[in-house]
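Heads up, the next two complexes both have chain A, just with different partners, chain B and then chain C.
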Partner chain A sequence: MPSLVISDVTMIYERPRTHERFRAIDRVSMTIDESSFVTIIGPSGCGKSTLLAIVDGLIAPSAGTIEVEGRPITAPGPDRGMVFQEASLLPWYTTLENCAYGLESQGVPKKEAQQRVLPLIEMVGLKGFEHNYPAELSIGMQQRANVARALAVDPEILLMDEPFAALDAQTRELMQSELLRIWDQTRKTVLFITHQLDEAIYLSDRVLVMSGRPGRIIDDVPIPLERPRPLDIKRTPIFAELEQRLWDDLRREIEEEVAPAGAREQW
Partner chain B sequence: MSLAQSRALGADFVGAAPARSAKQWLRDNERKLVPLGALIVFLAGWQVASSARLINPLFFASPWAVVDAGYQDVKTALFWSDLRVSLTEFGIGYGFSLASGLVVGFAIGWFRRLRYVLRPIVDALNSIPGIALVPLVLIWFGLAFSSKIALIFLVAFPVVVVNMYTATTSINPQYLRVARSFDSSRWRLLRTVVFPAIAPFAFAAARVGVGRGVSGVVVGEYFAANSGLAYRLFQAGESHDTALVLFGALLITVLALGAFRLLNAVERRVLRWRQVQTSLAQE
Partner chain C sequence: MSTAVEPPGSAVRRSRYRPTARLMYGVAGVLGLLGLWEGVSRAGLVQTVLISRPSDVAVTAYQELTSGPFWGNVESTLSVWIVGFLLASAIGIVIGLVSGVFRYVRYVTDPFLNATNVAPDLAFVPLLILWFGIGFRFRLVLVLFIGTFYVAINTLAGVKSTEGRWLRVAKSFGASRMRTFRTVLVPGSLPYIMTGLRQAASRCLIGAVASEFIAGNKGLGFMISLAGSFLQTSTVMFGILLLALLGIIVSEIVGRLERRFDSWRI
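Presenting the complex of A and B:
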């Protein structure tokens, strides 16, 4: 049974005062198998983050349904865990308290919750920093804690919204490799969003390309690379081919945004 | 690199701090020593100028005269009863303003429709200088004890409320999303995100409230009292006892500063996570 089925999801936004309506996402559908790592890429503002928020249950779609393991969903729940972009660890809690947050939200008593997340904190490489506050951790370390917090509630699906966007290039590479190492131990279903093509290919089993507004799926690229994947795999010819394919898809979309078809004739 | 990272590495560590010379100790403690030194020089200069009759003692009493006047005052029983009166006025007025201000300020920030109704009123109250409210307070409460409480409340309460509703409406939405994403109940959202987020602002509001509260006490005792520290101060002014006036002003200042320090100390203990942020910002 597939882990996640998104059917004809559409999102229409209404501007608060002018009441003008905009279609952000247009009939997006996808089927995601259990334990697969799927990435969505697309130009800025194409609705990727909105789609993720819909899957997490934070927003209700204008049309369409989301099913997790066959059950339709309408609100946030313990079956999905979200890893946000930077600055989402609560600054008034230590690493340990932050990671236990999700479990405590489910009603697990504090002591027990903290006991349960200790091995997770070690797994993401933050042993020794349990009692530090987020301000004392580098962004890379904060994101590790973010991942631990999401994993702590043992969700079926892990949703990751450009988690490495705020990292510098070197730390980013390292974190990609780390993420695969962590993922390998738990094999959750992952829906990942990013702008970076190499990141998408390196991490995933499958990459879905989304168009510019209104967002539609315009390509579905399987990634036939074997696992485990060393970082060097980014320098292989097959990797370059995949990157080229994705780039060709995206370039059209990005150029549409920068200079719509009509205007380009005049150049 | 972050504090955590530099702690983890050690390859660049050369050695423990060498023993410090007296000169080094002076340089290290500059921040406290320089102002202290300046103060001593200032007081000495002032005293010399007064003794040499360079300063008219009516306009500015010498430091020694101030100390002497203060010492004589403190020996009287009336001083202590006046002190008690002012402290009680402040304690009750400020305490009530702070408690209700924090609650109302949060409510105005959190409940949209309440905000639409109450915010204009609070903003208006916040703009009125305390003195303008005195005639109204006198009509309502006369010279009773409650008139001072009312005045303190009218000047301190709005400023606390404004601080709190501003804080409540500017919580980082990302933190709220985190709580919602884990399906936290409304109460859990408040307890784990909203209240910790606005706590630093509550302390800032408390500090500003102290200033306003002291002002309320002083204004109140000027217009509507026959006891209290500020009342004493004004009496000394009327009899041209400059030394006593200076002593009174100094005393009130010291008490207000004491309240600030107390608040800061409480904040340091309650908001331990802020120490980390601010100390890192200084690196």
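Presenting the complex of A and C:
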């Protein structure tokens, strides 16, 4: 049964002063199976983060619909948990308070909410840091807390917006395998956004490629790698082939960004 | 615990922070200046009626501290200042928060806040005297007026500075408007609110003293201006030192309060 169905989502923005309209996302559709890990990659500015915000219900699309388990989505809800980019923990709350934020927002009493998130804090590897403020944690640890906060509301779908973008290369690799371990324990449906090709392949069952603005889905690549995946799977020939295919898809889009057709003629 | 073993003769790069040195140099500076002041006036290089001398100020201080009228003056200034500051804080925070949260309220309050920002506070004095006379009410209103503005404008800046990403988090997790206000907007604005309170505390003291200069019949400002017109320079100097001391105490208190509310900042 599909967990998430996105049908013909289009997003049109109006520029503030000129009132000129532009299309950020153009008729994007996808169907995501329950418990699968799907990643969207695309050049920067292609609208992939916007798409995720639409799925979360933070912004309304100009046209099109989102359904989670058959229910139409118009606002944020506990069936979806968002892992934001770095530094989205509330700085004045401890790890424990941050992780309990979603549950408390839904009316769960503070004590009970904090009790319930303790096992999650342990699962993401932050035991012992419950009472630290975000500024006392490394960025990697902050993102672990971020994941725990999203999991705490027990969502059906986990939405992840380039959660490892701010990490150094080594920490990022480590966090990727940690994420797979956590995903394996929870088996949530995951919709993940990144611009990192190896991250997309390593994590996902399926990678969707978005074009430059206006964002459209231009490729849908199944990832046939077996799980569990050790990190050195990134150095196998099949991994390299997948990376090549995604890069071929993206290269045209990025070239278009860097040197638009008009500019190229002048060269 | 392990001890680092250095090769003999190593030059260890030390921390350059010296708290005792800071205190010693500070005290030495003050004592040095007092000594210089005393010396210059004793040597007859300047007239004592113009700047008095530390030993005279000390004598005056002793006389004042043991006299009844002096404490009445202190009480008068402190009461205007404290009552004015507390009321200004409450009103300023409410104006700032409400203006920050509701866009249309902000459109209304913005011109007023901007106008009071550019107009010197004391320019309102004649008007206030006209409305409130020259008693306690006038002094309180002046202090209140000055303080409210600083608190309001900083609180408003705090709400506006609250980062969109935190508001998005609250929205994403389904926090109600009231909860978003309580868990994001207020704590997010708090550093700015504290800045506003610190500014307001010292400006309110200035306002309290100025109001006594202009229209008082008691208070430290009145004491200073009266002493000045009778050429009692020692009393003027004593008053100035006392106000400086008060200012230091207040900024210390507010600073401690600030750190207490800011423990999450590293």
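Here is the rule we use: the second predicted complex is superposed on the first by the 262 of 267 C-alpha atoms of A that agree within 3 Å, B and C clash if a C-alpha of one lies under 4 Å from a C-alpha of the other, contacts with A are read in each partner's own complex, and residues count from 1 in each chain.
Methods note: a contact is a pair of C-beta atoms (placed from the backbone, for glycine too) under 8 Å apart; a residue touches a chain by one contact, two chains touch by 3 or more.
Model, not experiment: these values are computed from the prediction.
Superposition model on chain A: chain B and chain C are shown in a clashing arrangement. By the touch criterion defined above, A:84 lies against chain B and chain C together after alignment on the C-alpha atoms of chain A. Once the two complexes are laid over each other on the shared chain, residue contacts for A:141 go to chain B alone; chain C is not touched. Touch criterion met: A:58 reaches chain B and chain C at once.
Contact with chain B, but none with chain C, is seen for A:129 once the two complexes are overlaid on the shared chain.
Look at A:108: by the touch rule set out above, it reaches neither chain B nor chain C. Look at A:4: by the touch rule set out above, it reaches neither chain B nor chain C.
In the superposed pair of complexes, A:242 makes contact with neither chain B nor chain C. In the superposition on chain A, A:92 makes contact with both chain B and chain C.
In the superposition on chain A, the residues of chain A contacting both chain B and chain C are 56, 58, 76-78, 82, 84, 87-88, 90-93, 101-102, 105-106, 133, 135-136, 153. Of all residues in chain A, those touching chain C in their complex are 56-58, 76-78, 82, 84-85, 87-88, 90-93, 101-102, 104-106, 133-136, 149, 153.
The touching residues of chain C, when paired with chain A in their complex, are 165-166, 168-176, 179, 183-184, 187-188, 190, 263-266.
Residues of chain A touching chain B in their complex: 56, 58, 75-78, 82, 84, 87-88, 90-93, 101-102, 105-106, 128-129, 132-133, 135-138, 141, 153.
Touching chain A in their complex are the following residues of chain B: 1-5, 8, 172, 174-175, 177-184, 188, 192-193, 196-197, 199, 271, 273, 276-277, 280.
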